[in-house]
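Written below as structure tokens is the structure these notes are about.
Note that the chains are named A, B, C and D in the order they appear, and that numbering of residues resets to 1 at the start of each chain.
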Amino acid sequence: MKRKIRMGMVGGGQGAFIGEVHRIAARMDGYIELVCGAFSSNPRKSKAAGKALFLDPKRVYKNYEEMMTKESQLPADERMDFVSIVTPNHVHFQPAKLALEHGFHVVCDKPVTFTLKQAEELKKLTSKKRKLFAVTHNYTGYPMVKEAKAMIAAGAIGKIRRAVVEYPQGWLSTRLEASGQKQATWRTDPKKSGKAGCMGDIGTHAENLLEYVTGLKIKKLCADLNTFVKGRALDDDGAILLELEQKAKAILFASQIAVGEENNIRLRVYGEKGGLDWSQQEPNTLLVRWLDKPAEIRRTGVGVQHSTTQHAIRIPAGHPEGFLEAFANIYKNFALALNDINEKNKPNPLHLDFPTIKDGVRGMRFIDKVIESGKSKVKWTRF
Amino acid sequence: MKRKIRMGMVGGGQGAFIGEVHRIAARMDGYIELVCGAFSSNPRKSKAAGKALFLDPKRVYKNYEEMMTKESQLPADERMDFVSIVTPNHVHFQPAKLALEHGFHVVCDKPVTFTLKQAEELKKLTSKKRKLFAVTHNYTGYPMVKEAKAMIAAGAIGKIRRAVVEYPQGWLSTRLEASGQKQATWRTDPKKSGKAGCMGDIGTHAENLLEYVTGLKIKKLCADLNTFVKGRALDDDGAILLELEQKAKAILFASQIAVGEENNIRLRVYGEKGGLDWSQQEPNTLLVRWLDKPAEIRRTGVGVQHSTTQHAIRIPAGHPEGFLEAFANIYKNFALALNDINEKNKPNPLHLDFPTIKDGVRGMRFIDKVIESGKSKVKWTRF
Amino acid sequence: MKRKIRMGMVGGGQGAFIGEVHRIAARMDGYIELVCGAFSSNPRKSKAAGKALFLDPKRVYKNYEEMMTKESQLPADERMDFVSIVTPNHVHFQPAKLALEHGFHVVCDKPVTFTLKQAEELKKLTSKKRKLFAVTHNYTGYPMVKEAKAMIAAGAIGKIRRAVVEYPQGWLSTRLEASGQKQATWRTDPKKSGKAGCMGDIGTHAENLLEYVTGLKIKKLCADLNTFVKGRALDDDGAILLELEQKAKAILFASQIAVGEENNIRLRVYGEKGGLDWSQQEPNTLLVRWLDKPAEIRRTGVGVQHSTTQHAIRIPAGHPEGFLEAFANIYKNFALALNDINEKNKPNPLHLDFPTIKDGVRGMRFIDKVIESGKSKVKWTRF
Amino acid sequence: MKRKIRMGMVGGGQGAFIGEVHRIAARMDGYIELVCGAFSSNPRKSKAAGKALFLDPKRVYKNYEEMMTKESQLPADERMDFVSIVTPNHVHFQPAKLALEHGFHVVCDKPVTFTLKQAEELKKLTSKKRKLFAVTHNYTGYPMVKEAKAMIAAGAIGKIRRAVVEYPQGWLSTRLEASGQKQATWRTDPKKSGKAGCMGDIGTHAENLLEYVTGLKIKKLCADLNTFVKGRALDDDGAILLELEQKAKAILFASQIAVGEENNIRLRVYGEKGGLDWSQQEPNTLLVRWLDKPAEIRRTGVGVQHSTTQHAIRIPAGHPEGFLEAFANIYKNFALALNDINEKNKPNPLHLDFPTIKDGVRGMRFIDKVIESGKSKVKWTRF
């Protein structure tokens, strides 16, 4: 790599949660440099955030429109390479579209847009502009998730029959949004969050993890959505039966009223010959069960067999890596792939192992279909 | 207790799995004495089994009809008090009916009968004859399951919103029945097992555990049943969405093709104030999660607060008790309740804490409704 | 087996903890029948206990001396085969000696005597009288402990280098004996417990488990004993460095002031090729670590390879067995070995898999040496 | 913070393991900028490493002597603030001394020097020069380790009686150094590693963790050191009995031949009222046991009560943080404290929560005393 990749940021001002997560992830491997930002819709707040990040004040912008225009006028060896969008859901589409139109690559938080239609438009535009577009479905960044995917792709557990993916949280068990808590407020507001609450916020993560690891697409589903907390406009819990390709079956459970649960996203996949069990609670472990021999504990420290997994590990020998490292694996691969492009190389397939706008579109379709099925009296809704 | 309770057994000859489990359970606390049996439909095998159990050869019968007749002719201070039925499903109803008609109490394995109608008939007969009828839904015998039930009944976790009960097994991942393995053969045979395979064999346990602990009845359900192993006649896997009383929602997952899983029955219940998590893998632990304080590890050794739980523990201070002790808790309470009756006392409510024919009827209805819903194109089937 | 083995009991009256554990263990497999007892030094209490156990009042004795005399005068097909001694430590030697002298086999709780000399005397007498003498070091009764022993004996993990055995409890963290609590009172009283407190009560279990599984004897040790609770006469905590045969090294840690710990006995053994890890917390699991492949989870349900282990399992397929089943494995094997003798057969080696008076002697020597080392200023004390 | 803190690095060229760990840790929070380095004793390798890190070639030095001289001649607003030393043990002292003499602050890997005398010299020099000197005993950087320390300091578990700290690894179970593996080679070479092998490499981490969390200093110890792998010059395993201040007792176990263990550093502390249990395997959990109520699972997501802990957490709500985040907490606090100094403020006590040269000296004394005790025939060696 001859130079660092240059990042601009939309959103992520002071007090934001996910913005700093993106920045830590972008910093971790030293491949990316934050060069500019429009950190808030409030220009003063944007300036303050930029200062705290030691940015050149000239490159801290009033809004993302200004950022796109001004950055695109800078010399090629100075202007940002890509923009990272870390705003609430309803402010994803416009800056992403503008970025692509101005020739910038994009990293965007999930769900990728407010509506499915917007996502499809971005997908077309990305393709037309020949840009990279990453969506931060970060759970697929964990090394042992990649190992699970690689094992399945290699046929280690045979044809898949049954999967169970779950993401229980408890933080919305009470009407937290009534207190004005920032994260709760926009996530439960249909104008900012979109059609779905829990299913958009964490259900899409579960959906992405399921499809990523199994390599199978959802074909139809049957959703039971609930709003348990009185006065809340969107779903805060749901259970879904799914049929995947190849007649595999799955359960997807996501809840934000599962009292006391933190972020216990877990995936189990059972094939004809073996079963895999991964949980974020101890993310460096992949439990592998077999038909007629003892279960194995594969760890980042021992038992990793696939190159995509090795590529995702920073510390050997079983020192635990966590959420931030998994998140950073998206940025790392995104930067490496951008560098391949900068250096006129065909991107290394290892570098392209990050969720893209295609995953973003599937996530939006998932939200649409879950809501449709939730209202339907018919058992199965085609995906 | 002035004398031991006298037990006769139907089924459980040599090579049977569950028969010896029942006998160990009946022996454990020293309240029950096996006095007679019709251990096999083959009289020679029945005799051999009786001999190995040190029984008086005169009380080892050719068949259960003979046993009922002859035992009922013995003097009151000699004849059996109750019969324990441990045959395959299709041989539950007749001996149970005959036992009741001859004035004997009954313990019967689950599912309690072959058809719902039979179960309802037994329920009426039990009531008419004023007998005790226990069904060995043994998982409710675990002390920490009882603690969970008692906590919920006392309002500790508030109004219930969401439950997840699962029972994954892997032993039928291949077509084991083709090898002639005894347990697999009858369980996958519609003529012996009944309408359902996996859902009858272990789904009913999950259903019973769910209703026992939550205290809520199933109101409607949406089932997705599968037969993954080719050539198998009955379901070997299924996922069910449920609505319980008080608008609580649940997921029930049972599978016999979850490769590598042993008997990982687990129940999670989330209320408005707290959540409970119990798993047979470490049955002496009940994980209790709270809205805003650390999760607690309640153990048989420390943290038990309810008398039904204390009554179900044999060894204090955290020595692990297991499956057999839980199973024995049904026999123990059954014997203690019978003794209460023998001694003309009103049964102590602690002693009546075992699953009865009412649970048996619900199990049979569950099977009926799951099969009905599995075939239905409509989302919800009323229970 | 032509008849049940007949057991008499010394101690274990109402309110006793370990007496009922022994009785459950003796009952579990149906091989043993309790026929007589001297349950208390108080004849009235002995009678009451016998009545509650449905014994023939004629065979409930005033004291053990009477029991030995009277039972030995009964016809051979009626009198007890063996005596089970479940009194506090200082009342083990006399009844055991008397039993052997009257021709009875013996099961005795641990530590086997009050002094090492007594234990050696019993060993000689047992040998001279050609009787069976089991000592209830019950933790070696767990199936997966037997699997660990068998794996090591078969060379699966190579030459042993390092072991760590620990038994933390917390129940004596305060001066419980001051409250008159029965279990605490005699265990902390040098006149009843012997030279050692914690090390005699649970340290000997750890020592027995270590030697049983590794197959290596202790050669020398270096003990640091502590009495943390003021006013207590005996040790309530201790840590010991050990050298075993073949220059293997070990740590033994036992404590009764490890607040909040229940009975977390755990053993780890590391050889040149692999490592084993067993813990009573989840006793049906044996974790097996390897030099360069993933760790394995061997379970009673899957992965058991040795006949001694299979012989110790009652329920297949991963239903958890617990403390009582492990305890019962001593009684089961003892009864089967007695039956071999009764039937004039050479005892099956599988049946002789229980701790004997030899283990009892080693336990007493352990106590002696630990106390000696604890007082010594020299690092190593020869065993 | 007005500007980033500027770091120079000694060691950490391509192929090094720990150098990149330090860089990731330094990068993570965006407070530190790598500005210069002498990455290898081979100037060409140093240049190559600097280039890969996008450094100004002028500030990639041939050796650390040149770096100290040239950097100290740069203008104050340009030259490095501190040096990070990530070389093998025998190359810690000289660059650290030189750095201090040239007025630079220091971060140094552990053990801090080759001999105790060198460490004491650095301690004096640090004090004389009034510089910050951090030693990367990184395990104390974990949030829940800080919570444990804070709980003990606040008296939550009462007076400490017993601690057990262990650090089993298995990677040196065979003679890996014979293969030329870089990490193994220098660590087992007395000329590079120092007096101790295992005890210097990981024993010192265990010692530091023990003293940090308990707040108690070691007073005396009794060590049993072993070299299990033939042909190895230094210890590869050891067990130590310790007495801490206030008559507390501890066991320290460290091994590099514990086959199959990764980096299972774990600490348990038992006080008069409660017990704490932390393990790197799941570092975001602190198990808290109590005298007479259920154990609690305190998590970074819920149950944290102390400001030092909160300050060490980057992502709320239970997303797992790992080894790199813990490591980065040393750099983060070091940078914040440097910034306090730069801005002429008294350093915030929260910022001074990192291991210093004092910890480094204790680590070197630990090595000396462990070796002394290992050779002694007397039980206790004063610390």
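The criterion applied here is as follows: a residue touches a chain if its C-beta (ideal position, glycine included) is under 8 Å from a C-beta of that chain, and two chains touch if they have at least 3 such contacts.
Given the structure is predicted, the values throughout are model-derived calculations rather than measurements.
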Could you see whether A-C or A-D has the larger number of C-beta contact pairs?
A-D
Same vs different contact residues, chain C with chain D, by half of numbers used:
same
Dist(centroid_CA(chain A), centroid_CA(chain C)) in Å evaluates to 55
Roughly how far is chain C from chain D, going centre to centre by Cα mean, in whole Å?
44
Centre-of-Cα separation between chain D and chain A, whole angstrom:
34
Check: chain B positions touching at least 2 other chains come out as 260, 295, 299, 302
The answer for chain B against chain D in the complex is residues 287-288, 292-299, 302-303
Considering the complex alone, what residue numbers of chain C touch chain D?
157, 161-162, 164, 166, 168, 170, 173-174, 222, 224, 226, 228, 237, 239, 241, 249, 251, 253, 255, 257-261, 268, 270-275, 289-291, 295, 376-380
Which positions of chain C touch chain B when the two form their complex?
1, 3-4, 17, 20-21, 23-24, 27-30, 34, 52-54, 169, 171, 260, 262-264, 280-284, 299, 301-302, 314-325
